[in-house]
Amino acid sequence: MRDLSDPLRPVPGSQSPAAAPILETRGLGYDAGGRVLIDGLDLTIRPCRRTVVLGANGAGKSLALRLMHGLMRPARGEVLWQGKPLDRQARAAQAMVFQRPVMLRRSVRANLRFALVVHGFAGRERALREARALEQARLTDLAHRPARVLSGGEQQRLALARALATEPRILFLDEPTASLDPASTHAVETLIDAAHAAGITIVLVTHDLGQARRLGDDVIFLHAGQVAETGPAARVLTAPSSGPARAWIDGRLYFDPTP
Amino acid sequence: DDFIIVQSTTSTQNSGLFDDLLPKFQAKTGIEVRVVAVGTGQAIKNAANGDGDVLFVHAKPAEEKFVADGDGVVRYDVMYNDFVIVGPADDPAGVAGSSDVTAALTTIAQAQAPFASRGDDSGTHKAELRLWKAAGVDAPAASGDWYRETGSGMGATLNAGTAMGAYIMTDRATWIAFGNKGDYQIAVQGDERMFNQYGIILVNPETHPGVKAELGQAFVDWVVSPEGQDAIAAYKVDGQQLFFPNAGE
Amino acid sequence: MQPDTGIIAAAMGLILSGNADLIEIVGLSLRVTLSAVILSCAIGLPLGAAVGAWRFPGRGVLAVLLNALMGLPPVVVGLAVYLMLSASGPFGPLRLLYTPTAMIIAQTILVTPIVAALTRQAIEDLQSEYGEQFASLGVGPVRRLSALLWDARVGLLTVALAGFGRAVAEVGAVMIVGGNINHVTRVMTTTIALETSKGNLQLALALGVVLLGLALVVNAAVMAVRGVSARAAHA
Amino acid sequence: MQPDTGIIAAAMGLILSGNADLIEIVGLSLRVTLSAVILSCAIGLPLGAAVGAWRFPGRGVLAVLLNALMGLPPVVVGLAVYLMLSASGPFGPLRLLYTPTAMIIAQTILVTPIVAALTRQAIEDLQSEYGEQFASLGVGPVRRLSALLWDARVGLLTVALAGFGRAVAEVGAVMIVGGNINHVTRVMTTTIALETSKGNLQLALALGVVLLGLALVVNAAVMAVRGVSARAAHA
Amino acid sequence: MRDLSDPLRPVPGSQSPAAAPILETRGLGYDAGGRVLIDGLDLTIRPCRRTVVLGANGAGKSLALRLMHGLMRPARGEVLWQGKPLDRQARAAQAMVFQRPVMLRRSVRANLRFALVVHGFAGRERALREARALEQARLTDLAHRPARVLSGGEQQRLALARALATEPRILFLDEPTASLDPASTHAVETLIDAAHAAGITIVLVTHDLGQARRLGDDVIFLHAGQVAETGPAARVLTAPSSGPARAWIDGRLYFDPTP
């Protein structure tokens, strides 16, 4: 397994904006059902930073995450992982929590174990991580329950714990607290912070302005499959320069003035 | 493994002859006989492939060709029974009681009474075709009309023919042992041209090295020996003798 | 034995010869098989869906029964239909024995449990997803079936193809109730059996290859349709 | 004809008689069928899962082929296996012809495409749900198959039962390669065919009822196991 | 179809606390996997009011909604609809938006149409309602898209529109804005308000305190499958009397002081 002394792994805290991007997209495009859904995305994800992806429903946030994670083949453009095209090995260093978590038809514990086994953990090491992940997700008491009967929030916590247990370099989170109660939301934000502090790059989709403020270093704002605005969270979330971002923050619908 | 495989036909099997004969042979020699009962054509073909040690069928010309082709060692007559024509009790063609097979067939053809033929190139089928020819009737030309080729074994043809109310030519042994007679009776019998000769051949071990020549020969020898011949003559169903041994005649 | 290429060549030869008897036999095979599959689907799809989607006492027993009936022996079905249709049987007066209709009846009896049992499984899976939504909408029992069948249609095509496979390959039942009568009820499988019993193994195999080719064509056509429908339905 | 109650009674009588021949025949039927189904599952489950879950060129063609092979005619399979195992065939020296092993081989060839084709469909459905999660976790191709097969096990039981149904009812292929030799390769279906050809229709039907009862017992046992496993797996 | 002059239908605005309950539960209990998941719920839903159901993840909110809607058979107790046991007809007067919306394998429009056809609408009437529902959910442009490829938020909007299109007497909403952007959240809250104004009784599960304040008349607070507290929203959300409710509002985990 990779360990923390991996020379390629950036030192935690090295958040200088000048650091080489860990992941970039160049002119990324995706079509389906005869429509252009993602159009010319040039994104830069900097290592060890928390990038928040914002945008209206249907803006293409989840699609963008899937493309960056290499789950879908782009129609145009490319995704670069540390400057090189994404391959299977690169993806093994990534993890994602889906908007609608996929639970295997197994117990909570077996869901975690599956991910750990896939990532090569075995024996005591695996048991330890399993226990820690259950603890993190506060699911220890439910470890033997079939995962698919868990409540919405419990499933979301399990999905996050499963992703974290594999120790990714980058973690894609698609609305990870959408179904969580306030205390769990707080706990998950703390977990994300801890992961970030441990050097994991975070890419987070959320509709919660407060969360974006609390967790975001950089912001990518999508609108209708295109980038409307990017920049440091401090600026974009207080003084957005694009119409869509302004409207979103105000809780208004944005209608393109030039139709 | 002290066993041999005999390629034979359904008529010998369905009549129950083998169930009676083989235990006697095994008791004497300790050799187990495994019978594969299929269509005559298939039995000959299987034997020609070497998948059997002994061939025991009733289609003399084909058997002689089998030997001539080098697949068999030598053919022995074993026994005969006779063919009969069975028909429904109401006897639509009015041939019941006849012992002139060609006349009966001509009557059936003229009456266009249904006739079920096996149509499978089996020994029985070939014999039937010979008789039609002798009667001067081109029955297969009426195939699908009153002449119905079932393309299947004797039992299946009897099942089908009795359900159709058709006349059927069958061998007496199969008929006596047959369980689904309904109201059917023997209509035509006793014509010398309806004799049905069985032969036995050891598959040629020179052409087919896998053949268990010694064990096979033992079976052939026993069947044509007085002991085997007596056993065949002694086999009766409902008090009727089904096969008449004639080895060496 | 000749090498296998000989058999394929023989099959090709058979097809190219355009032999009238062969065309007749292939035509009847298709007619009987497709009729039986259509009838089996007409009965088996709703039946399987009902067992999969409705809750009623005896449902589990019925599911087991359908599964077990997938193992209906063709000869037994043939015999039962024969006894029903024979002149001394209850449906004797209809004079259906030794007609293609009798063969269609026998095959329908054989194939319906297969379609129903596999449909039950497919519908049960979909029902576990849709069930609460349907209950919430107050969907009635009949519309529930039709909606589930419609939404499961991609998977059910494979079910229908399994039924087609069983029907097209079937010989035991159609032999008994059809009688393999030349020019009347002779189909591909009974011809193959006949040629086998005649010892014409090469011809029998060549006919088998033709039959498989036929199955392949039907399957390819159905899967092409499926491809189109899947694009519209799934995701 | 006797009424149907006569047949059921005859079947009961057969079972209760504890006839040694019958027990031998039933035993061989079960042995051959279960061996063939187990082999078919050992081949067909991973094969079908691979076609359902992996993306590779020719995958669509393979799926159509598997579906078409569900229509393999038993007689043709029987013949092909016969030619292989015949003394003059390539595997003649193994001397497998007219043994239960030959019957198992033939049935395995018949049943494997059924298991594979139905598995493909079931796995394809599950894969459409799990696919992205697996890709995200970096699950390798082999573990992907095993995980999908495991999680689809409830549905795959029905697939295996469909294979069992086909195998237990099969007569054409086992007749050719087994030879229906008394005390050696005689199974339920070949006995039924034999009694039918002897005109002992009642006995044949009674044996058919016994065979169906056998299928029922096996199915009920499997579904009972399924009930237990479903409770643990599903939701 | 029922029309607005239905004499049984309470007049909009008759929100007097004394009105007979439209739905009651008596000692409702539910077990699964060998555990008591819902325990002795005595709930009262008053007609034409908006009841907000709150509680931590796994508290049993979704199960409670399912039981009230008659989707599951309770292990103990009963649900009364206008004083009588729930039956199929009563359920036809109810609608629910699930936490994880179920989309039929059909187009967006066909999903709406299915619900309308089930409820007996036909011809022009159905077409009108279909168009209106698409408009409400802002999915008119996506009407022909397969529903299952919609984004999370779009699916949630479709599910709400589908439930509203059937004109229920009572509407159960399980976290209906969890995946919605701020503008859509606002739009959905407006829709809920309009439905309420038209006399539809609302039962809403949410983890959003602001939403509970904006939309709630009454509050039911669940904890570990039991009722922790009920009362008018104005009181419960400002001065909760139970430990769990207080902790939830503060965004803290609640540990039972008497284990």
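In order of appearance the chains are A, B, C, D and E, and numbering begins at 1 in each one.
The rule is short, and it goes like this: a contact is a pair of C-beta atoms (placed from the backbone, for glycine too) under 8 Å apart; a residue touches a chain by one contact, two chains touch by 3 or more.
Everything quoted here is computed from the prediction, not taken from an experiment.
If you take chain A and chain D together, no chain is in touch with both.
Touch-path distance (fewest steps) from chain A to chain C is 2. Annotation: B-C is the more contact-rich of the chain pairs C-E and B-C, by number of C-beta pairs in contact. The chain with its CA mean position farthest from that of chain A is B.
These two copies of the sequence, chain C and chain D, are related by a rotation of 180 degrees on CA atoms, to the nearest 5.
Averaged Cα coordinates give chain B a centre that lies 35 Å from the centre of chain D. Note on chain placement: the centre of chain A and the centre of chain E lie 30 Å apart, centres being C-alpha means. Computed centre separation for the pair chain A/chain B is 81 angstrom, with centres defined by C-alpha atoms. For chain A, the set of residues touching two or more other chains reads 146, 149.
The set of chain B residues touching two or more other chains comprises 38, 46, 49, 153, 156, 159. Within chain D, residues 82, 86, 88-89, 196, 201, 234 each touch two or more of the remaining chains. In this structure, the chains touch in the following pairs: A-D, A-E, B-C, B-D, C-D, C-E. Partner chain D is touched in their complex by these residues of chain B: 5, 10, 13-14, 19, 34-38, 46, 49-51, 153-156, 158-159, 177-181, 208, 210. Across the complex, chain C is touched by residues 66, 69-71, 88, 91-92, 94-96, 98, 102, 104-106, 114-115, 117-119, 146, 148-149, 166 of chain E. If you check the complex, the residues on chain D that touch chain A are 129-130, 132-133, 135-140, 143, 147, 151, 232-235.
Chain contact summary for the complex, chain A toward chain E: residues 32-33, 55-58, 61-62, 99-100, 142, 145-146, 149-154, 157, 175, 178-187, 207, 209, 247-254.
Listed in rising order, the residues of chain D touching chain C in the complex are 1, 60, 63-65, 67-76, 78-80, 82-83, 86, 88-89, 113-114, 117-118, 120-121, 125, 128, 155, 158, 161-162, 164-166, 168-169, 171-172, 176, 188-189, 192-193, 196, 201, 204-205, 208-209, 211-212, 215-216, 218-220, 222-223, 227, 234.
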